[in-house]
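The structures come next, written out as structure tokens.
What follows is a pair of complexes built around chain A, which joins chain B in one and chain C in the other.
What follows is the complex of A and B.
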């Protein structure tokens, strides 16, 4: 029985660390939704591009890892700007659902383009971080790093939104999209900044994920849906809610996977999500 | 003229396999009509503002329930079909009722249904002892002694399958027309514009939405059953999950989800695009067709949100409109 408990504790702590990554994934998406009112269905595919960027700059061109990370963050941020300017902007006035679907088209495009350009082989950057041992429990060091970076990223975004002039403008426009232009704020500039920031966060997530997972063109599908669920569960656009929801989800996946098979952990998490939607359709922290 | 054209297309399609058509074009034609059936199922509710990303779930339920019932219980697909439809209807009710009751609309509805299609895919994978997991599964063959088996719904002849899916295609169009001409369609259109206002004049929002969702789910589920029986192979990635859900949405949008023959045009267009690129460029360039497909979808939604056929009909009407107006006073 005591051994059982230690493994359970290990699962819970690993779930906590996984929650950090999910929270970071949800952060960028929530930021974009909160400000622009658009869900980037292709968000996970942008992370996939970021992961390939790290792989190619680091393993093929031999850049140092930190430079490769900066390149990935910068590239995905630029992609975010391009996505907004050329894909989202033309449909901003159309039916809301068109904005969701148009990024779904981008999902197909990025996934297939990655297959075309990089092939379907699994790639690994070959950087192994050590396992951490605590008593009889083992934790992945890369998960711990990811957790801490995710936490730092969230604090950074929070401070940016609260303390800077631009951040204040972003918060203002997310509260009333119609009035802010009258106050002399150029909404498109704010949207582009937000897109760049959201893209940058996706790039940051890519840097952390690349330490733990192999890269392949369809990897986005394996954590894309879970990211949307986290955001919706927390209340779309609600960053604190997303943060809490990420940890709830991660516990379901980790502890559920401990008692059953890992897929069942996901199934439980999704079913829990559907259940909560009926109880609080606006998300756990969403206002009425 | 449009009505004549419609009949010409239908008759030409019915006669097409009787010409000396090769097996491969016939196979494409069958797949195309099969997908149209599923796309039509999606568009029935999609065009009324209920954009579901969960139809992969119903398609997957159709495909897997018949195959599992046949492989494990020896239940004929003819009995598996109603069983699959019952399961799909139950799931549609369980997800639809709370969604509509609690006004989950727009982005939220799309994302909740997306979760549904992912749950279905994950459950199929997780039950790998029964379903074969990600490797997929083939229905146990009943063709050792006979050339075909009506009991097992296994027909090697493509001609039989063509007429089966052709009939389903017509049935799909008929359902579309029935829905289109019903009062419920008008009510749902009003609801999709302004739900509270529609409810205030006495429309039963939950019941109407639930009804259309059921019809849509059942059509999609039936398409899944046919797909499994025709292909004789099912795989969780190709019959359920987010990929197949998006494929249905885009097939319908590309052709035009507001017009009856839109899904047909959409399926034909996407299939021809994929096959044309493959023939022109060969097998080696993996992913090129989907890349262009994705790019075109983006362009479609930005520049042609009504789809190919929708835009074409609109253009025709615009050209016809001035003459009728000029003719009216005289």
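What follows is the complex of A and C.
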């Protein structure tokens, strides 16, 4: 194979691997919006807290990595519950802008709290996963792990939503909340469960990102905006749309970055996003 | 089985029910008839605790429903088919039925009960994968009744099952109600379609502007001058 084609193939496969993690990032946010009709603006900052959890439990307190990962998922899930109960619930009937502002407030709160508590230094958990060689192509093993775990997480969420009674109630509640008590469903418990699930997904994303990126209080800014764009591109609240959009976005970044300079990959992805917004403001699979 | 004594209720400052007392015995089909806006839907919403009674007592098999939150009423054996059916339009027929079996006690019986619902409404089995929002009006009503049956209720509350349906479909819905009462279900049905509902119900109450005006067996109600004049146009 000519060297150019090999590099292109490598870029495409790297895009696929990146798409997996973007899809996981989008899933939690879409789940929350689709069910509760609120956007967690502080979503990426919750991931940041999850990353610090891995760092402190593993590197400072010496927990094994798998236990640190479980702790991060559990902690961010609990944060999701707390966020819903004390921040979202009081403004559930308020204007959407107020809901955005309160979760935006939590974003700044978490960033400032992390700066105070952990300082501004970049931290790294110091786990070096090997490079993977396939013929003449090289892939990062941590990306492959992230892709596979993200895929498994998404399949798990899909099966949960499709097969279980609780999952069916989560899909039902956005369609007719007022009628849920007639089915014996306590709507607030469904919202708390969904928030725990959304937080758990953010925690899982934190475990995968911590393998590839340094941790600092503003890390949320490097993938928060792109997560929102993936969600909006797919149709906010539409989990299938978010999944498709994640892979499209990732290919723009990876293949676009291969043809031009890597920063141009992001520029192309954002231009594509803006173009789609003119054509379909509701997103690829969004309704109305 | 169910008894209401002196129940008053309303929305904010608007009072919809005044001192309503009624009783449904096990195995009976009882109708509440009356014009639009009489408070029939409010009555069922009070029984399901979707709104709280301002005054009066609600007893199900001797146990008070007074302090029971709405999502626990189903545990007392009461299933409510709401006005306008209120299916989950984007969920499949089967998922709608699954929602009816949400209470913990009902989940273990999911398989056997869904087979009973499919036996009662063969059309639902054919359409089980279809989104409920794409069903015809009559099919949606069947799905809504099936969803309520999934919890294995002792008492079924039906709110205007014939509303908005074509006459031939109305016939089949009342046929379903008749079959359910023959099978031993206890049913409290609210209807404007007086002639039809009094054919399937054993007893009835006439509700007007929030007050019970008349009560008696279906035959007595059909013979009463008040109903003949105001509702049957005789």
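Details
Definition applied: the second predicted complex is superposed on the first by the 282 of 288 C-alpha atoms of A that agree within 3 Å, B and C clash if a C-alpha of one lies under 4 Å from a C-alpha of the other, contacts with A are read in each partner's own complex, and residues count from 1 in each chain.
As a convention for this text, a contact is a pair of C-beta atoms (placed from the backbone, for glycine too) under 8 Å apart; a residue touches a chain by one contact, two chains touch by 3 or more.
The model shown is predicted, which means the values in this text are computed figures rather than measured ones.
Between chain B and chain C, more residues of chain A are touched by B. By the touch criterion defined above, A:240 reaches neither chain B nor chain C. When the two complexes are overlaid on their common chain A, residue A:263 makes contact with chain B while staying clear of chain C.
Of the two partner chains placed by superposition, only chain C is touched by A:184; chain B is not.
Contact with chain C, but none with chain B, is seen for A:172 once the two complexes are overlaid on the shared chain.
Once the two complexes are overlaid on chain A, none of the chain A residues touched by chain B in the first is touched by chain C in the second.
Residues of chain B touching chain A in their complex: 49, 51, 95, 98-99, 102-104, 106-108, 110-112, 114-116, 118-119, 122-123, 125-126, 241-243, 246, 249-250, 253, 285-291, 293-298, 300-303, 305. If you check the complex, the residues on chain A that touch chain C are 165, 168-169, 171-172, 175-176, 178-187. Those residues of chain C whose C-beta lies close enough to touch chain A in the complex are 48-50, 69-75, 79-80, 82, 86, 88-91, 95, 98-103, 106-107, 147, 151. Looking at the complex, you find that chain A touches chain B at residues 39, 87, 90-91, 94-98, 100-102, 104-116, 119-120, 217, 221, 224-225, 228-229, 232, 236, 261, 263-264, 266-267, 270-271, 273-274, 277-278, 281.
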